[in-house]
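Below you'll find a set of structures to go through.
One chain, chain A, links the two complexes that follow: it is found with chain B in the first and with chain C in the second.
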Partner chain A sequence: MTKNDALARMLTAMADDALIQGHRNSEWTGLGPIMEEDIAFSSMAQDKIGHAWALYRILQEELGGEEPDSFAFLRNEKDYRCCHFVEYPNGEYDFSLMRHFLFDHAEAIRYQQLRESAFAPLRPLAEKLKGEIKYHTLHANAWIAQLCRAGEESYARMQSALNTCFPLALGIFEPDPEAGAILEAEGIYPGEAKLKEMWLDRVYNLCAAAGLNLPAESSVTPEYGGRKGYHTEYLQPLLEEMGAVFRSDPQATW
Partner chain B sequence: MPITESDIYKALEQVMDPEIPVLSVIDLGMITGVRLEEEGIHVKMIPTFSACPAVDYIKQNIRSTLEKELDAKVVVEIDKEATWNSNRMSADAHEKLKQFGIAPPQVQQGEERAEIELHTACPHCSSENTYLRSPFGSTLCRAIHYCRNCGYVFEHFKPLG
Partner chain C sequence: MYGGGYIFDEPNKRQLKEEQLHDDPVKLAEFEARIARGEKIEPGDWMPSEYRRQLIRLIEQHAHSEIIGALPEGTWITRAPGFKRKLALIAKVQDEIGHGQLLYNAAETLGKSREAMINDLLSGKSKYSNVFNYPAETWADVTVIGFLIDAAAIVNQVANAKGSYGPYCRALERICYEESFHLKQGHDAFIELATGTPAQKQMLQDALNRWWQPIMHFFGPPDKTSVHSEKLMQWKVKMASNDDMRNQFLDQYVPKIRELGMTLPDPELKKDETTGKWRFSDPDWDLFKKVINGGGPCNAERLQVRQWAEEHGRWVRKALMNPGAVKTAPVA
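On to the complex of A and B.
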């Protein structure tokens, strides 16, 4: 594997996570429990899909990848590299919020590290995205803290959502030993294991402040597979819906 | 008379942001450079938010305004080296935003502060007895606050580091 292959693998995984999470966020448009939440998830959808597009564009311009729209919408399911966590349906609001909290802190930490990447085209983008994602984590933190204080049922649902989400969230950091070794050696990024440690530190403290018990990593089995192209049953239907308009006329200009 | 750089900047002051029509691309600090070359004018710009849906529209407006005002060929490109942050906005822009009813972004000096949660001055009554209702508003660059003093809900241009 060359350095560029390893880079393409990392960027595809990051972009696919953002694209699929962005699509899930957009499914709250018109359905949010209150107007501000409807707007928040819709705005975060717009951000995420924009972030995915920026990463696909780097793939295209720096690594000879495909045109971003076709790459986003026309691949086969097994060619996506998103983690299972973002594929799951939105479910109840507790699951959506908890996923948003765990996922966005992982992204915030990743972009913070990528600001120093040896791969120059990523540095300005990471700087920019880190600033934008700050508002996603601010939103998530506020709701996690508030709902944990909102009575017994509310607290119990947040803890239960955390228990459900935790093994899925660990799938964000699925190791890719071959590409990982190259990327670490080249100073592209610190590697999934290190990012996971930083993320655990951060979410542990935020959970503790809200009175939530973060499960021990050793007590769960992380849900891996997405980075190798093995997906949940939920991805294919999502791809069909997400790409329906694009596929109806891939040559159309907008 | 040959076109000068200051003619270009002057013309760019007429290109307004489609989402905040009182601010020009100059007020917002979106222009990172202009260059005069044999074949025409080159303008480099950066979007405010990376997923800003208005970028193509703004590029088109820059092109058509400069072509009309200066009668020259114009190329607009995205500057990939630079990133936008809210400190790029001019003091003039802050005042115009306030007049428009949107609280301007706080000037950022450091890293990672929850600067927008409390005490954003209300653009209507100037009170700082306000709180953040949601970090997301009607466009990506705006948050929603509530003023305890005058009872207005108001929008705030988010500080972005």
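On to the complex of A and C.
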């Protein structure tokens, strides 16, 4: 595997995570528990989909990848590299909020590290994205803290959502030993294991402040597979929906 | 978007009752003089009870139209073709929800809570623009809504922005500013299909054919049958007649549609150059009434979606209202 292959693998995984999480966020439009949350999830959807677009453009411009629209919307399911966590349907607001909290802290840490990447095209983008994701994590932190203090039902829902989400969230950091070794050696990023440690430190403290028990990592089985192209049953229908108009007339521009 | 010219009211409340006209005559005269001078009425000011009631009704229906109006287009966010259209559509629908928020806030200044308004929406007591009770069948429907329904709404809202109630006018000014941007997006996506492949053109023509009657309904029944008291015009609650707004819309947009090679499904549609008025076949007003009263293709579906949001979000709202809860501000 060349350095560029390894880079393409990492960037595709990052972009696919952002695209699918953005898609899920956008599904809250019109359905939020209060109007202000509709608007918040819409905003985050735009940011995430914008992040994916920017990463696909780097793939195209720096690594000879495909045109972003067709790459994002028309690949076969097994060619996506997103983690399972983002694929799951939104469920109730408690699941969506907890996913947003855990996922966005992972994103914040990842982009913070990538500001120092040896892969120069990623540095300015990481700087910009880190600034946007800051607002996503602030939003998640405020809601988690608020709901944990607002009575038994909402507290129980938060803890239960955390228990459900935690093994899925560990899937964000699924190791890719071959590519990972090259990327670490080249100074492109610190590797999934290090990112995971930083993330655990951060979410542990935030959970503790909110009175939530973060399950022990050793007590759960991380849900892996996405980075190798094995997906949940939820991804294929999502992709069919996402590419439906595109596929209806392959000659057309939209 | 999305005022719509037609303000639904319970039939027995359409006429001002005698006692409602008997507000304190001195205050009433001063109030009417302020409006005649072009002053804005603000929330703390004295106002006739009927003025308050009509405004709540108007602004509330407008707010409902925004959040229900987000639904037909919202169903296409996940299917929007390509990054550019997808991001534009999410942003646009998000704006519409934001307009709903602004308008509920404006209506709340008159004394009805957002919660009470949403409850009246769900119970069917309070209405919203009829046009959102039709399905968005294809991507072309999204472009027709974004271009023509937003355009129609702008005609209505620009007129209403000159009305007499300060908070509503200020909300509308901001809304119109954002709507004009939606219109550009809608027009751009509409042109893309109109100048695209044969399949795209056909998709667009089909959407136009289906949406034309709802668009003609949008401004409400003809003036000759529309029961609106002169008082509402005098109080600057209603700013333009249904026929005038419809004519203005046709004047501005029919040429834009036709110059793209698209047709409209009304053989009578033609401008009378001597009067400057458009002639058209009478849309089916019985259908219009049927849809208002819940008989449209999507009335039940739209309310079911809102019902879902209400039920599934209840625990969140309940938690926020918990008196023991400590408010949390985001900390950087």
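Basically, the second predicted complex is superposed on the first by the 249 of 254 C-alpha atoms of A that agree within 3 Å, B and C clash if a C-alpha of one lies under 4 Å from a C-alpha of the other, contacts with A are read in each partner's own complex, and residues count from 1 in each chain.
By our rule, a residue touches a chain if its C-beta (ideal position, glycine included) is under 8 Å from a C-beta of that chain, and two chains touch if they have at least 3 such contacts.
Treat the numbers as computed from the prediction; the structure is a model and nothing was measured.
In the superposition on chain A, A:L129 makes contact with chain B only, while chain C stays out of contact range.
In the superposition on chain A, A:E36 makes contact with both chain B and chain C. Once the two complexes are overlaid on the shared chain, A:F73 sits against chain C while remaining clear of chain B. Residue contacts after overlaying the shared chain place A:L138 against chain B and chain C alike. In the superposition on chain A, no contact is made by A:L206 with either chain B or chain C.
In the superposition on chain A, A:R149 makes contact with chain C only, not with chain B.
With both structures placed on the common chain, the touch criterion links A:E241 to chain C but leaves chain B unconnected. Shared-chain residue A:E92: touches chain C; no touch with chain B. Comparing chain B with chain C, the partner in contact with more residues of chain A is C.
In the superposition on chain A, A:M44 contacts chain B only, with no contact to chain C. Shared contact residues of chain A with chain B and chain C: 36-37, 39, 42-43, 46, 49-50, 53, 134, 138-139. Listing the residues of chain A that touch chain B in their complex gives 36-37, 39-40, 42-44, 46-51, 53-54, 121, 124-125, 127-129, 131-132, 134-135, 138-139. Contact residues of chain A toward chain C in the complex are 23, 26-27, 29-39, 42-43, 45-46, 49-50, 53, 68-69, 72-73, 92-93, 134, 138-139, 141-142, 145-147, 149-151, 153-154, 157, 238, 241-242, 244-246, 248-249, 251-254. Residues 67, 70-71, 74, 77-83, 85-87, 90-91, 93-94, 97-98, 100-101, 104, 139, 189, 192, 196-197, 199-200, 305, 308-309, 312-320, 322, 324-332 of chain C are the ones touching chain A in the complex.
Note for the complex: chain B touches chain A at residues 49-53, 80-85, 112, 114, 116-117, 133-138, 140, 143-144, 158, 160-161.
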